[in-house]
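Structures are listed in the sections that come next.
The two complexes that follow have chain A in common; it is paired with chain B in the first and with chain C in the second.
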Partner chain A sequence: MNDTTPRLDSKLLQVKNLNVTFVSAGVAVQAVSQLSFELDAGETLGIVGESGSGKTAAMMSLVKLLPMPPARIEADEVRFEGADLLRLSQQELRRIRGRRIGIVFQEPMTALNPYLTVGYQLTEGIIAHTRCKRTEARARAVEMLEQVGVSEPIRRMSSYPHELSGGMRQRVMIAMALLLNPSLLIADEPTTALDVTVEAQILDLIMKLRDRLGMAVIWITHNLGVVAETCTRTAVMYAGKIVEVAPTAALFESPRHPYTEALIGALPAFHPRKEPLRGLNGAPPDLSCLPSGCPFEPRCSYAMPDCRRTSPELKEIAAGRCSACLRVQRGEW
Partner chain B sequence: MAGFFVRRLMEFIPVVFLVITLTFFLVRLAPGGPFSGEKFVSEEALRQIEAQYNLDAPLFVQYWDYLTDVLRGDLGPSLKRPNRSVTEWIKLKFPVSLELGLYGLFVALFIGLPAGVLAARYQNTWIDRVTMSGATAGICIPNFVLGPLLVLVFAIWLGWLPVALWEKPVDKILPSLTLGVVYAAYIARLSRTAMIEVLSQDFIRTARAKGLSEFQVVFRHALPGALQPVVAFLGPAAAGLLTGSFVVENIFRVPGLGTEFIKAALNRDYTMIMGTVLVFAVLILFFNLLVDLIHAWIDPRLRHD
Partner chain C sequence: MTSAHRNEAASFTFQGRNSIARCFLRNRLAVASLIVLVLIVMSCVLGPMFSRYTWQDQERENRFQPPCRTHWFGTDNLGRDIFVRVLMGGRVSLEVATVATGVAVFIGVLYGALAGFWGGRVDAVMMRFVDIMYSLPYAVFVIIVVTYFGRSLVLLFAAIGAVEWLTMARIIRGQILSLKRREFVEAAWATGLPWYRVLFRHMLPNTLGVIVVYTTLTAPRVILLEAFLSYLGLGTQEASWGTLIQDGVAAMEEYPWLLIFPSAALTLTLFALNALGDGLRDAFDPRNSSHP
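The block that comes next holds the complex of A and B.
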C-alpha cells in the first residue's frame, strides 16, 4: 500500500501558475496569483509570509480543502506523484488526501472533533483507505501514538480531545496525518498555538519523523526562526505571490528581495542593548484591487518609477534562487 | 450516574408541588364553578352537591385535602362525569394521545432532520431553497387549516384515507401528519442552521483532509454537533406532542387527553383540570431530564458525573 505509483522524474510536486480567488457578493479577492514552485521527494520547503499573504490558501487549494464556493482554484498544473490534483474526481482526490498527503493544522484545539474519541479519529482514516479490520487499525494507531510521544497510548485511544493538553492534541494531529505514511506532509503553522517549550518539542518531533519516514514537508509559518531551523529551501510570499525562493541559509545571508530583507530586519535581535524593534511600514495591499505594479512597491525603500508600472514575475537570478524584484532582475541590487 | 438520576428526580417534587398549588388556586379564581351552569337546580340541591364534593369547605381545607389525596395517589372523581375517577379517565385517554404524539414525533424527526441536513449540505442551491420554503410554509400554516386541507385532498378527493377515524393504522396517517408537520418544519430550520455552523468548523476540514467520504463527514463528524439545538427544542416539544393536541384531536375525532383537558377547563371540572395539568407537568419534567441525558450522551464535554 506504500508508494506504488511509478515516478518518472524526481519532482514530487510541481505547481504551475496556481490562482485562488475568493468571490463573495460580487467582489473577487485574489488570494493567490500565478504561484509556481516545485518540491523534491524528501525535501522541506518553508512558506513564509505575514497573515493574509495567501500561504494557507495556496497550500490548502492543492488538495481542494477550501470551501468552494466562495473559493475558485485554477492552475495550469498541480502535478503530484504523476497525477494532476486539480483535475482528479472527488473520489480520486480522496484517495490522495490522508494517504499520500497528510496535513497538520494550526489549531489543535479546534482541528480535532470534540464529539469523537481520539481512537476513532485515528482509526477511521486507516479503515477508509485500506479497508483493514478495526483491531488492525487500532494496533496501528496505538503504535503511531507511541511514535509521536504520547504516553499511555492505549488509554489515550479512548480519551476525548478536551481531555488532552494542547501539545498532546497536536501530537495526536501529527499521528493522524502520518498514519498512512504519506510522501508529503503539509504543516500549517503547527506550533503557532502552542507555548515555546512545547513548540520546540513539536518542531523536533516533526523533523525526526520526516527523517525516519522520508517524506517531504511543506512548512507554512510566519516565524522565520522556525524556517531557519527546519527548512532546506524557503519561499517568501507577499500579497498572494512568491517574491523570493532560495536555499534557507542563502536567503538569510543575502536576501534578494526588499520584502525578505525587511522581514529578516524585523526579527528582534537577541541583544541586551535596547534597540527599538524595526517593523515594516504600511500594510499589505487590498487583495480585491491590487496595484498594477509591484505589490510591495508602496512599502519598498528601494522602489523606482518602473516598479509602479510593471509587476515583476518570479525569475531565476542565480542557480536555485528566484526573485520577483525588478531591481534585482536588472542587476541593480 | 445513578446519583445524578436520583438528584434530578428529587428536583421534581418542589416543581410538582408548585404546579399543583398554582393550578388549584387559579382555577378557583376563575368565575363560576363546576355546577353553576346547570339548569333547574334548586339552591338546596346545589348546596347538597357541593357538600358531596367537599366544595363548601374553606379553600385551604379543600387544598389540604386535595394534597393529601394526591400523595395517596387519588386524583378524586371527575366532577362533571362522576361515573369514572380522574385517574381512570387519564388511563383511558392518555394512551391515545401518547400514540398520536409518538407518530407526530416520528413525522417531525424523520421529515425535519433529513430536510435540514440536506438543505445545509447543499446550502444556497435549489435543494436548500425548496426545503426551506417548505419549512416556512409548514410553520405558517396552522394545523386547523392543514388538517381539513389534508382531509379534503386525501380523504374526499382521492378517497385514499378515512376522514376521521381512530381504529386501523391507516386512520392514523392524517392526524399524525397534521400534528407533526409544524414540528418537522421547526426541526428542519433548526438543524439546517446548526449544520451550516458545524460544517464550517475546523474539525470538518480535518475530516476531509483525511480523505473521508462526504457521508462520513456529514453524518459521523458534523451531525452530533448539529443535533444539540434540535434535542433542546424537542424536549418541551415532545411533552406537548404526547399530551395531545386539542385541535388535531378534534378535527379527526381522536379520543385523546387534549380534548378532555379543554373540556374540563370550560366546564370548571376542577379535579379533571388538576389531573391533566399534573400529567403535563410530570411529562415536561421527565423530558427535560431526558434532554439533559441525551445532550451528555452526544457531547462528551458535558459528562461531569
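The block that comes next holds the complex of A and C.
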C-alpha cells in the first residue's frame, strides 16, 4: 500500500488523493475529495454511487475532460503507464486520450456529432494519432464496426448518426473508443440510455472485447446489477468520496459500510420477496457545505456520536477490502 | 410510412440534410425569392452583353425618353439607356453585396468562434472590442473612412465588411459557447483531437444553419448601406443602384422613370433576399421538422 517507488509496481493506474472542485460565483463545490484507488492491467473496476456522488467528475478529471474553469483538479498523483497525467502538457495528454484511454459516454444520442458521418468520426481519431492513410484507417474502422456487431459496416460508414438506433450508436461509440487498442476503457454509464434488452447485449459486448483485447475497464454506473455482472472489484462512492472498496462478490455478500448495505437493500433482486423494499431516507448532502463529520451520518441508521465529529478515512479493514466507516474500523460491525 | 418514421427519428436530435431541403421547398415565398434572385443575377451579369446599348452610350437626340419599345426603361439627361444602366448598377451593387458580405461573414465567424472557444479572459477582451465597435455609429464611421481615404470600390467593401461582421461574431460566439458543453464535443476531446480539429470540424459545422441564414440577412443590409452611401455621394463613381437612385431623385417630378426603375430593382432584390433568409431560417430550425 505504502509503496513510494512507483517504478516497481505493475499497476496500470494509480490515483492518490484526487480532489475536484467546481468554483462558480465564489461558491466552491467539492465534487470529489481525497479519492485514491489503483487498477491492475486487465482488471474491471466498478464505480457505484447515486447521481451527483462525483463518479463521472472523478473519472473525467483523470484525463482533464472537465471544463476548467469552473473545475479545478488537484491530486498527489495520477500515474498511468508511468506518466503523471495531471502534470502532462496538453499535447502529451492529447496523445493519451483516445489512444491509451478510451471513453464511452452515457448518451449515445448526443455523443456523436450529428453533422459528420459515422465513418468520418471513426477514422479521424486513427488519422490524428497514427498519421496513417485514409484508406487504411477506413479498413480498420470497418473491421472494428464488425467486431462490435454492427451489421453492414461498410454501408454504416456513410450513415449519419440520426439514421442509427440507440443501441447501434452505442456500438459505434464503443468502436470509436476501442479503435486504437487502449489499455484502459472508461465506460460512463454506457447502458443507462438504452432498452434493457439492448443493455444486456452491450454489457456482453464490452466484457467480450475486454477479454479479447486485454484492457482494463472502469465502469461508472448507478446500477448495482451491472456491477454484479461485470466487475471484479467495486468502489462505492458517496458525496465525492469512496466509502468502500471490495471484490464484488464479497461486497454483495457482506457489505462493510452502512451506505453499501442500504444500496444493496434497495435492490429488488437481492431482496426477500415478501418484505417491502427499503428505500434510503433523506437526500445526498450539499457538496458546497459538507458536515464536519462523516457525510453519511445524517442518513445512517448505525450512527454514533463520534460519527458527527470525525470524518473517517478510507482504511484497509481486511485483505483487499477498505471501508470508511468508524464502526467498521473500530471492529464494532 | 418510412418518411414519417425518418421524420420522427430526425426530430429527436437532428434534422437531416434532406429534411432541410424538403422544409425549404415547402416554403413557396422562399422558393419564388430564390428564383427571382437567380433571374436578377443572371440578367445583371448577362443582360448588358445582349443589349444594343452600353451603360455610357449617349444619344443626344433621345434625352429623357419615357419608357418605350427601344428604351424599355427610358433614357436619362444624357440620353443613356436606363435599362442597361440598371443592369450595370445591379452588377456593382451585387458585387459589393457579395464581397462585403463575404468579408463580414468570414471575419465574424472566425472572430466569434475563437472568442467563444477560448472563453475566459480572451473572450472578455475580444467581445468588449466588439461592444466598442458596436457603439460607434456605423454609418458615420463608414462616411469618415470614405471621405478620408477617398472613394474606391475596394475601400467600400472593406468599410462595409468591417462594420457588418460584429453581429455575426456575437451570434457565432453564442453558438460556440453552447456547443462547448455538448457531449459530442466532449467526445471529440476524448478522442484526442487537436483543438483546431475540435473547433473547425466538430463545432463550426453545427453552426452552419445560423451562418447561412444570417448571411442572407446580411446581404440586403449591405446593399442598402451601399445604396445609402452612394446616395450621399460617398459610394462608387460607377453606376450602382444607389447612384442611379440619387440621379433619379433629382429629376423625380418630371421624369419619374429615372427613379422608379432603379428603386424597383433594389426593392425587389432586398425583398427576395429577406424572404430567402426567412425561409432558410425556418428550414434550419429543428423545431420545424415536426411540420407535416
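We take it that the second predicted complex is superposed on the first by the 318 of 333 C-alpha atoms of A that agree within 3 Å, B and C clash if a C-alpha of one lies under 4 Å from a C-alpha of the other, contacts with A are read in each partner's own complex, and residues count from 1 in each chain.
Basically, a contact is a pair of C-beta atoms (placed from the backbone, for glycine too) under 8 Å apart; a residue touches a chain by one contact, two chains touch by 3 or more.
Since we're looking at a predicted model, the values are computed, not measured.
After superposition on chain A, the partners chain B and chain C collide with one another. By the touch criterion defined above, A:Lys16 lies against neither chain B nor chain C after alignment on the C-alpha atoms of chain A.
Once the two complexes are laid over each other on the shared chain, residue contacts for A:His129 go to chain B and to chain C alike. By the document's definition of touching, both partners, chain B and chain C, reach A:Ala111.
Judged by the touch definition given at the top, the superposed model places A:Arg299 against neither chain B nor chain C. Judged by the touch definition given at the top, the superposed model places A:Arg95 against both chain B and chain C. Once the two complexes are overlaid on the shared chain, A:His162 sits against chain B and chain C alike. Of 5-13, 23-31, 41-49 or 59-67, the chain B stretch that intrudes into chain C once chain A is superposed is 5-13 (criterion: clashing C-alpha atoms).
In the three-chain superposition model, chain A touches both chain B and chain C at residues 63, 65, 67, 94-99, 102-103, 105, 107, 110-116, 124-125, 128-129, 160, 162, 173, 176-177. Across the complex, chain A meets chain B through its residues 63, 65, 67, 90, 94-99, 102-103, 105, 107, 110-117, 124-125, 128-129, 160, 162, 173, 176-177.
Looking at the complex, you find that chain C touches chain A at residues 9-10, 12-14, 16, 120, 180-184, 186-194, 197, 201-202, 205-206, 208. Of all residues in chain A, only 63, 65, 67, 69, 94-99, 102-103, 105-107, 109-116, 124-125, 128-129, 160-163, 173, 176-177 touch chain C in the complex they form.
On the chain B side of its complex with chain A, the touching residues are 200-203, 205-214, 216, 220-221, 224-225, 298-301.
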